[in-house]
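First the structure, then my questions, so here it is.
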């Protein structure tokens, strides 16, 4: 019932939208750009801002292979989102699995984006997806996924020199974080007078920023690099 | 003077009691390492279960650095006892056995003798810390591997990068040695007042336990005296694992600990030089 | 300071609170002798000897040893003193050899192995060098103590109650050792003991202190020669002799008797008178002998004070 009401609401929103392209056309454009890269590797710089966690930036390497194999390799401990950034794009590929509804226009990163809402048609972990698409270039500037298992995850892409390949220079994840406390039995009190370094975000929100550089594309990557 | 220090060290090295500390450290460290080798994964999952709901945590958390940090945490109460067991006996043990008469009726002055005992006691303390470092860090890294260190503070996790960890450990061991040097000096001071071995050892431990309890109680009445207690500053080694490094706090604690060493040593010298050997 | 005095103590005082332990003690100890240092329990003997060894600090007064002031020349003085205070002290968990090495080290010496073995041979502990001292008997410990005292070849040896716990043979051995040290090695020995007979046997000079003060000082022979003797009569008939003495003026001189002998306190000059009395009263005797004991002298002096 809830889905039906949502569907009607979205239809109404679409009616308010003056965009020239339909959601399906936009998605097809995104998918076309997305399919241009079979695999890539790149250097990665990760920054973290997670409540309850004081963690320095970390350099690493990232590997990607179609459709949704994504692996970050670092020397140290990193906190990564449970979904990889291509989960959303992989969702878009299977056009039969969802209904796309236009959600109007919204400006993000000084780009006028078409908002597309995705409602899964089959039983799925995904409850709702929302995409802000740069219609002119077929790039997903931002996505917001609400899943049963992981709550709401927001992914914002910043494109630079690799925009023609739909590869971002930067991806920022914003994740709902459950309240975390170190069990008293194992906690150590450092007697520190300074306030915890972590935090500064809205309560219960963690931010992970991935900065990409030195992309190497389509080198026919094997699956070994994605194994543990 | 070098000769006297060598004699004092010889006496420490040949006393069976001196090896209790090394044995205790060996047993505790190996037990902890073994426990984590067998059950460490469950321990990590227990700590990180809330975060793992929201994130995928990559990297080797259960590594030698974490194990070493946990070992240092656990041994923090035991180490002063192991030190006091030997250093509390340096003067009073001689008084109990009568060899103090031998010592003080020779050509070395009382001041020289006490300096030699102080230095020898600190060398022993350093050896204990070195042994702890070899076992906890050396063997820990060999068995569990290297990696970032996760510091489990009560209000947050601090993750220190692997290349940022070793110098912190070295600093922590040095600071721990300096802190235990306060115990060495304190128990040596008590040893100057006693004529038996047990009293200074028990007294040292009692003082440490009482001060530690006062330091942990969240009572306003004690807030004024806490900064003056040496036990408050003895755990300053932990601050080397904070980020950013609370430099001024570390320096302040160092200065207070140094002040305690000077105070205890002064009292020891004052009494020892004037003490009449009647037994 | 007297010319041949190895130790000179001037106006020495020691207070513990208001308790005056040593009271204006003045003492001259000649060099090259065995000096007996006597006094009842609590008289201040041990305190005085400990002050000599800087184990106790005087409240006031001066101590001169080898013509040097102990306050200013402590190191040079103690380098030449060996001592045993109450009992020899060892690190029981170490071997006898290591104990001796430590003693040498404390005297800033590094004797050769042969010298060390020589010491063990001197005190009759050859072959027991590597045994832990805790396995030593009391007598062996005493001998090791002597070795410790001599390892740095001191000029002056201070022995405080060295016969404590020794059996008769041990006492004899120690006596012979002391005489050897004095006569052959030309050491000066200051000896404090409760076994007064031992002091009388080996001491050349002595002092008796009581309540922290020197009561008397001098050559042992000279001090005792002025004192009454103890005359022991061994009569043929105890009953007759005892009855005759008790009915005469000699009764005042009576000291004690047992079933075999009667003792009288007499000066040497009175002995012929006694002999005459015995003859006149037809009291044959097996023997009339005299002895003079330091014990009696000591008790007499200390009870007077």
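A, B and C label the chains in the order they appear, each numbered from 1.
Quick note on the criterion: a residue touches a chain if its C-beta (ideal position, glycine included) is under 8 Å from a C-beta of that chain, and two chains touch if they have at least 3 such contacts.
Here the structure is a predicted model, which is why all the values come from computation and not from measurement.
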Review point. Centre of all protein Cα atoms: which chain's centre is nearest to it?
Key: B
Check your understanding: Most remote chain relative to chain C, going by C-alpha centroids?
Key -> A
**Study point:** Whole-Å separation of chain centres (CA-atom averages), chain A against chain C
**Key:** 100
Revision key, fill the gap. So, in whole Å, the Cα centroid of chain B is separated from that of chain C by 51
Point to revise | Mean-CA-position distance for chain B and chain A (Å) | key: 49
Review point. By residue number and range, which residues of chain B touch two or more other chains?
Key: none
Exercise for review: Name, in rising order, each residue of chain A that touches chain B in their complex.
Suggested key: 50, 52-56, 58, 72, 74-82, 150-151, 175-184, 186-194, 196-198, 206
Practice item. Write out the stretch or stretches of chain C touching chain B in their complex. Key: 47, 50, 53-57, 74-75, 78-79, 81, 83, 85-87, 89-94, 98, 102-103, 105-108, 148
Point to revise | Residue ranges of chain B touching chain C (in the complex, touch as defined) | key: 3-4, 6-7, 10-11, 14-16, 97-109, 274, 276-278
Point to revise | Touching residues on chain B, where the partner in the complex is chain A | key: 43, 46-47, 50-51, 53-61, 73, 147-148, 150-162, 164, 232, 235-236, 238-239, 241-244, 246, 249
